[in-house]
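First up is the structure itself, then whatever we jot down about it.
Each chain gets a letter, A, B, C, D, E and F, in the order it is written, and its residues are counted from 1.
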Amino acid sequence: MPTLRVEMFAGRTVEQKRALARELTDATVRALGVPASAVEVMFFDIERSDWAVAGKLFSDPSAAPPVQT
Amino acid sequence: MPTLRVEMFAGRTVEQKRALARELTDATVRALGVPASAVEVMFFDIERSDWAVAGKLFSDPSAAPPVQT
Amino acid sequence: MPTLRVEMFAGRTVEQKRALARELTDATVRALGVPASAVEVMFFDIERSDWAVAGKLFSDPSAAPPVQT
Amino acid sequence: MPTLRVEMFAGRTVEQKRALARELTDATVRALGVPASAVEVMFFDIERSDWAVAGKLFSDPSAAPPVQT
Amino acid sequence: MPTLRVEMFAGRTVEQKRALARELTDATVRALGVPASAVEVMFFDIERSDWAVAGKLFSDPSAAPPVQT
Amino acid sequence: MPTLRVEMFAGRTVEQKRALARELTDATVRALGVPASAVEVMFFDIERSDWAVAGKLFSDPSAAPPVQT
């Protein structure tokens, strides 16, 4: 605690997750003044066919935001 | 936002998820008056051996509710 | 099961939640063919000062999306 | 309801989950006085490369707590 | 880790939560063989007007399951 | 997406949450290369009487980790 749960599109490598875990932990330490050992991070890979915005799956061609996430 | 997370038994097809994402989005638009673009839906497939009621896994023969979910 | 968790801005009335619970349940029944009795819905009210996009809290003036949610 | 969501390292067998679902349900019945049929349990397997403490993934050699979980 | 999140109707006392935290922790230790220090429990109080089954809020008179939870 | 949910002890000010939202967003942008506009952050305040480790509530005197979180 604090515990961070990160939901993102599947496909990130372990290297990216390793970097993200470190960056998020450092960010939390800076903003809250807690020790790094108190910060927990969990990653959840979500398939594009399991995530929708505006009623459209991200796996479908016309899915709205072209934003890469 | 609103963000809807849907946990259901694994096994649904992408077609079913596509239909469900659209139906849930429409339902939210109707009930809350928000634009469809504000509605996010996420699906989580849960195996029957990862879900229990009354202390029994749904993958076990005697698991209580015969309700199909 | 299916279980739907809905996170949305705080401030909706019980009437709105009642309507949303019914609409979401009907939508799930239509899309998946499960009985209504199998559908569970939970609402989570999130304050605008507890929700951020692009690093800005929705309670702050310049918070990005003008979309009402 | 009550609904218990259990996040733990991936690798537990169905036998372990079956035992855990029963134990957790019994524990809830004892502490709250609810009927077992009201208790729902869901398991989420988390890979060690998806869980970090102190900014380090549990899949990495130096990951802090040697505690087995 | 394991981390247990418990969602239940609002209204439980701290004494009940204290007992439940202990019971759930002991149950997890017995079933998985992990040390108690590895078990984390979080409680989430849900109002009856924020929980629905079969499209009906538990705060409404006719809400289905008479089961006390 | 990515969506970050942060559970932490209740008591942080809006200023702290504002800083944390910005730091976490920047951290995600750096580690994953996504645009800031794609990063969503949600905060959940957890009372000490709703969080336990080793079967003890953090609101109780003897609760284990002296770590400030």
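Note that a contact is a pair of C-beta atoms (placed from the backbone, for glycine too) under 8 Å apart; a residue touches a chain by one contact, two chains touch by 3 or more.
Worth saying up front: this structure is predicted, and the values here are computed from it rather than measured.
Enquirer: Kindly list the shared contact partners of chain A and chain E, in label order.
Expert: In this structure, the chains that contact chain E and also chain A are D, F.
Enquirer: What pair in A-F, D-E or C-F shares over half of its contact pairs, by residue number, with C-E?
Expert: So the equivalent interface, with over half the same contact pairs, is C-F.
Enquirer: Using C-alpha centres only, name the chain that sits farthest from chain B.
Expert: That would be chain F.
Enquirer: Tally the contacting C-beta pairs at the E-F interface and at the A-F interface, and name the larger one.
Expert: More contacting C-beta pairs are found at A-F.
Enquirer: Mind checking the centre-to-centre distance between chain A and chain C? Centres are C-alpha means, answer in whole Å.
Expert: Averaging C-alpha atoms per chain gives centres 20 Å apart.
Enquirer: Could you list the positions in chain F whose residues touch two or more of the other chains?
Expert: Residue numbers touching two or more other chains: 3, 7, 22, 24, 26, 37, 46, 51.
Enquirer: Quick one: which bits of chain B touch chain C in the complex? Just the residue numbers, please.
Expert: Residues of chain B touching chain C: 1-9, 12, 16, 19-20, 22-24, 26-28, 30-35, 37-38, 46, 51, 65, 67-69.
Enquirer: For chain E, which residues count as touching chain F in their complex?
Expert: Spelled out, the residues of chain E in touch with chain F are 14, 17-18, 21-22, 24-26, 36-37, 39-45.
Enquirer: Which of the residues in chain C come into contact with chain F in the complex?
Expert: Contact set of chain C toward chain F: 7, 46, 49-57, 59-60, 64.
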